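You will see two complexes here that share subunit A, one where it goes with subunit B and one where it goes with subunit C.
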Partner chain A sequence: MTTQELATQLQERFDAEQGEPDGLASPGWLSVTVCSDRLLDAIRWLWEDAGYRFLISAGSDLRRERGKYLVTNLFAQDEHGIYLAVHTEVDPEQPSIPSITPIVPAANWTERELRDMIGVVPEGHPDPRRLVLADDWPEDLYPLRWDVEHGIKPPPSDCQVPREPPPEGSSVVPLGPYFPSLEEPAYFRLFVEGEEVVGADYRGFYNHRGIEKMGCSVLTYNQIPFIAERICGICGCVHSTAYCQAVERAAGIEIPERAKYIRTIMLELERMQSHLLWLGIAGHIVGFDTVLMQTWRMREPIMWLSEKLSGNRRVYGGNIIGGVRLDIPTEVHQDVLDMLDKLETEWKALYKSIPGDTSLMARLRGTGVLPHELAVERCVVGPTARGSGVAIDTRLDHPYAAYDRLEFEKCVHDGCDNLSRTLVRLDETLVSIGLIRQALQQMPDGPILTQIDEDIPGGFEGFSGVEAPRGEVVHWVLTGDENRPTRWRPRAPTYANLQVVPPMLKGSQLADAPINIASFDPCFSCTDRMEVVDMRTDDEYD
Partner chain B sequence: MAGYESGLKVTQMTLALNLVIALLLGPLMAGVVRKFVRARLHSRQGPPVLQPFYDICKLLGKEDLRSSSSPIVDFAPIVVMAATITAALLTPMGMRSPLAGHGDLIVFVNLVTIAVVGTVMVGLSSASPYSLIGAAREIMMHIMVEPVLVICLIVAAVKAQSLLFWHMAEGATAGGMSISMVIATIAMLMAMQAQIGKQPFDIAEAETEVMGGAFVELSGPRLALFQWASFARQIVYASMLAAIFIPWGIDLAPPWNLGAHLLKLLGVYVLVGIVDVVHPRIRVEQAIKFFVIIIVLSLIGLGLAIGGY
Partner chain C sequence: MLLSKLRQALICLLAGKVTLSYPAKPRPPEEGFRGYPEVDVNKCIGCGACAAVCPARLIKIEDVDQTTRRMTRLLERCVFCGRCAEVCPEDAITMSKQFELTSDQARQDLTHVCEVFMATCKRCGRCYEPATPLDRIMEPGFRHDQIDRGGDRCPYPELRAPDSESPSTDEHDEHDEHLDEPVSAQVAQVVEAK
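For the complex of A and B:
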């Protein structure tokens, strides 16, 4: 199905109008507006019949521009390579919208966030609790409305934290609020009987830094990549790339070929170091410190190389709207290739030794099972999805940068357990090595940056997905007039993956809980961007 | 009378010797293994060899903070340390042990159990869920591992026709290796790995799961005593293994018999250290399954020993 056919279908079935003015009118991207009465029908058709995968929703306060709130649900069709934005306008007098969570369970968090941040109530949502805002944040103060200033600090107040009580006969084992083995703020309350986990409650979003608000009220277009990179401490480059691509799409900027290749190389370097980092931490969590020490030793040359290229131990500061700021000169190519050769040799040896390690296999095989159906239903992404046999990879399904010119395959394993997720990452590191070699070989000469002489016009939308080491990063941008976006909505992959953790933990062994959680490679800070939460076991809304 | 006096002298000397080995060589050996086995296999520099001493000294000098008013927290560290030291005095360490004539296998097993029970009691006296889980795991592991230890020692006792360790050690050296003793040695090695909480059996204290288990609420001097006792316990087990199940060198003239013992200890420590480095932690129910097999194995060994093999 092409985007044109999709537009016609949506028009006929649900009176969906194509948006205007539209930065998304290129093959692979479509943006439509559906009125709120037909929204549920349209979502049901997309989700149940047309095979669309839910990404995220974004609420925008457009009362100045159009006198409305705008709710945008983003979807992806991976077989046909289509990204779809479904807009619904909401009357400020009656700020509510029918909730899509009963149809699309994966929309649970993002709809609660919509209520917290914009004040548009998803009617019929199964969970009335706050997601992002602190429990003592004042009622009727919605941070992402344009007339709420950036940087306000309401005084703290006493309040009751809505916590889920443990099931009868079980006791609570806390993992957090400072996650002990990942050293990040996340709070799992595990309900335990003996050594078995019978349920879990998640509370997160402690690490809100107001990044979206900052992007829409204080920063300018070219300052945002700097902040976007700091959404994550490990995979920053994916965020700045996704943001820049979204803005470039909105403004119709074509970036030079060489810049596309450089972005590809930066992203793959990042994937390699991230997967090595993950493997080390996974080893540490199952008490196998030798894995931690050896993989981090193997990872070190990647960091040195990044430092050589960008001045930072990770490739930061490379992206800018219109291209890249750092070049990869020919003199450095040999260094990169040498590093890759060494890493490949060591990685292959490691790969060979893992299946032979019976006690490691005893910890990984058959533990942390995420069934294929659950993975599809909750729209998990990245190695977490591919470890459960869901063959999605943004690099191939929705090509960006230079990926459409490189030869590679999706790494999919269908064991649905910790072992499969580990193997996916082991495979992907080898794929990354191959990708960088190809990119270096094919990279054309030329400029690395398109000069942008005119201002970026307001009122356009742009939307981009990037395959981060942890899964698909999505950035959605609505351009504005003051040299900054009206709304910028990043979604980290962990936002999608973390929602599936409580149902997955149920029935597992307590000893496996840390590795089960860590096998998703969660990045809590990425997910948090914002303020406080809870999450529950699935039976509450099933 | 002359014989009595010289016997007394030997006892005093070995008393000092066993104390030094348990309290000082214990931490030192741990430091050596950390630096030259663990760190090398990790491609690391590793901490100084004397790091275990630095840790103990630092902890001993800290404020005595406590999270529970239970008297158990007062007494347990002392009881655990005392039980471990007494067990050390029963253990032949190259020479005849100072309490050789005063306690046998049965006393030793009870002393070891007292040390474990002390740890468990401390864990249970805290309100922390990690501590409770750690204590539960500790006792589960002990229930599975203690029979192995006992059966293996009984194998040696059967071979020597005595419950006294010195007789077992001499008997094993004189009699050479037999099938039953080989089996017992293997089972004893496995049991030791679990008794001293090394991978793959670092289950009770699992840092990334239960934050040190029973010890999570302890700090300062009390934690220091537990750590020190744990180093001493390692050397007691290693000595038991070296003296009785590696039958060589005990009949050499002093001080060569002591030298031989230290050499065997080093071998045991390096072996344990390597096994520790190349394994992840397994789950408690996997460990229990494993030790069921080991118990059966050691029972077979016992049967063979009774049958004279």
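For the complex of A and C:
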């Protein structure tokens, strides 16, 4: 199905108006507006019949521009390579919208976030509790409304988010809020009966940094990539790439070929170091520190190389709108290839030594089971999804940068357990090595940056998905005046993956909880770009 | 199991000792590393391009009087992106290799202040940066001996008094507060005389 056919279908079925006039100019991207009466029908059709995967929703305060709030639900159809934005305008006099969570369970967090940040109430949402805002944030103060200033510190209120009571006969084991399995804050309350976990309550969003508010109020277009890169400490380049691609799409900027290849190489370098880092941490959590020592040793040359290529070990700072700032000159190609050869040899040796290790297998095989159906229903992404046999990979489904010119395959395992997720990452590292070799070979000469002479026009939207090491990162941008976006909505992969942890932990052993959580490679700080969460067991949706 | 353990032992043995003896031995970073941004105050012309692009918004610009622009850098917030060095028209900023910046008094140790002489608009009395290097040499503030040659390409047209009129009295009152500074006093006298 092409975007044109989809637009016609949505028009016929749900009176959907096609969004911006040049929305169809870029293949694989469609933006439509549906009135709130028909929203649920449209979502039900997309979700149940047309095979669309839910990504995220975004609320925008457009009272200045259009006199409305705008609620945007973003979907992806991976078979046809289509990203779809379904907009609904909301009257500021009656700020409410029918909740789509009963149909699409994966929309749970994002709809609660909508209520907290913009003040648009999802009617019929199963969880009325506050999600994103801190406990002591005052009621009726919605941070992402344009008339709420950036940087305010309101006096604390005594609003308390209720905790979920444990089920009858079970006890609570707290995991966190400091450093549960990873060195980041998140608070799991595990409900246990003996050694068995019977439920869990999640509270996170302790790392609120107000990045979205900054992007829409004080930063400019070209400052945001550097802040976006700091959403995550491990996979930041994906955020700046996704943001730049979204703005480039909105403004119709074509970037030079060479810049696309450089972005690809930096993204793959990042994926390799992230997977190696994860494997080390996983080894540490299951009590096998040799894995930690050796994988981090193997990772170090990648960091040195990154420093040589970009001027920094981790946060490359290479992306700006219109291309990249950092060239990869021919002189360093040999350094990159040498590093890749050495890593490949060592990685293969490591790969061989893992399956025979019975103690490692005992911790990984059959634990942390995430059934295929649950993975599909909750729209998990990345290695978490691919470890449960869900064959989605943004690099192939919705090609960006130079990935459409490189040859590689999706790494999918269908064991649905911690071992499968580990194997996916082991495979992907080898794929990344191959991708960098191909990209270096094919990289054309030429400029690396498109000069942008005109201002980026306001009122256009852009969207981009990028396959991060942890899954699909999506950034949606609505351009504005004053040289900054009206709304910028990033979503980290852990935002999708973390929502599935409580139902997944159900029925597992308490001792496996840390590795089960870590097997998602959760990145709490990325998810917490905003604030506070409670997560219930999956009972609430049924 | 045994074979697997032997393979793991081999990986460890082949690796050998890899730990660097840092910080006992210094380890210089790679070429092109972006460390502490060093500012050559003699080259800085106070144009403010760095402040406009800085993602961390750590460069504060204030015109303390008619001829002095103070640029305060709170480098404890620096993210070392190097955008300031990239856009600086005078190449006054270089990203050094210095990365050992930990301090228990970061605010004190990592704040960098530079004051730049600027031209003064003879109509509105505010600082501005003249258009070309030649103009800069010609403007007061850049050379003390030419202090009496006021500029008229003021970048703040909304503040500019109409051509036929002299600056409004309000502005004079405001400027008078800064007369304790010797250079500004000099300029103010020149403006008065005209």
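As a working rule, the second predicted complex is superposed on the first by the 530 of 542 C-alpha atoms of A that agree within 3 Å, B and C clash if a C-alpha of one lies under 4 Å from a C-alpha of the other, contacts with A are read in each partner's own complex, and residues count from 1 in each chain.
Here, a residue touches a chain if its C-beta (ideal position, glycine included) is under 8 Å from a C-beta of that chain, and two chains touch if they have at least 3 such contacts.
Values in this document were obtained by computation on a predicted structure and should not be read as measured data.
Colleague: What does the overlay on subunit A give for subunit B and subunit C, a clash or a fit?
Modeller: Fit - subunit B and subunit C, as placed by superposing on subunit A, sit side by side.
Colleague: Would you sort A:Gln509 into first (subunit B), second (subunit C), both or neither based on which partner it touches?
Modeller: A:Gln509 sits against subunit B, while subunit C stays out of touch.
Colleague: Considering only the touch criterion stated at the top, classify A:Asp41 as touching first (subunit B), second (subunit C), both, or neither.
Modeller: A:Asp41 contacts neither subunit B nor subunit C.
Colleague: Determine, under the contact definition given at the top, whether A:Glu254 touches first (subunit B), second (subunit C), both, or neither.
Modeller: It touches nothing on subunit B or subunit C.
Colleague: With the C-alpha centre of subunit A at the apex, what angle separates the C-alpha centres of subunit B and subunit C, reported to the nearest 10°?
Modeller: Between subunit B and subunit C, as viewed from subunit A: 100 degrees.
Colleague: Using the touch definition from the top, say if A:Ala362 reaches subunit B (first), subunit C (second), both or neither.
Modeller: A:Ala362 contacts subunit B only, not subunit C.
Colleague: Applying the touch criterion given at the start, work out whether A:Gln294 contacts subunit B, subunit C, both or neither, answering first, second, both or neither.
Modeller: both
Colleague: For A:Glu195, is the partner it touches subunit B (first), subunit C (second), both, or none of the two (neither)?
Modeller: So A:Glu195 only meets subunit B here.
Colleague: Quick check on the superposed pair: does A:Val172 touch subunit B, subunit C, both, or neither? Answer first, second, both or neither.
Modeller: It touches subunit B, and subunit C stays clear.
Colleague: Determine, under the contact definition given at the top, whether A:Asp341 touches first (subunit B), second (subunit C), both, or neither.
Modeller: Neither subunit B nor subunit C is touched by A:Asp341.
Colleague: Is A:Gly283 touching anything from subunit B or subunit C once the two structures are fitted on A? First, second, both or neither.
Modeller: A:Gly283 sits against subunit B, while subunit C stays out of touch.
Colleague: Measuring by CA atoms in the overlay, how small does the subunit B-subunit C distance get, in Å?
Modeller: 5
Colleague: Determine where on subunit A the residues touched by subunit B overlap those touched by subunit C, and list them.
Modeller: Residues common to the subunit A contacts of subunit C and of subunit B are 290, 293-294, 297, 357, listed in rising order.
Colleague: Okay, in this complex, where on subunit C does subunit A touch?
Modeller: Checking each residue of subunit C against subunit A gives 1, 3-5, 7-8, 10-12, 15, 18, 29-34, 52-57, 79-83, 86, 95.
Colleague: If you look only at subunit A, which of its residues touch subunit B in the complex?
Modeller: By the definition above, subunit A touches subunit B via 171-174, 180-181, 192, 195, 283-291, 293-294, 297, 357, 359-360, 362-363, 509-514.
Colleague: Within their complex, state which residues of subunit A touch subunit C.
Modeller: Result: residues 218-220, 222-227, 230, 290, 293-294, 297, 300, 304, 307-308, 310-312, 315, 317, 325, 346, 349-350, 352-358 of subunit A touch subunit C.
Colleague: What part of subunit B is in contact with subunit A in the complex they form?
Modeller: On the subunit B side, the touching residues are 41-44, 129-130, 133, 199-200, 202-203, 206-209, 211, 277-286.
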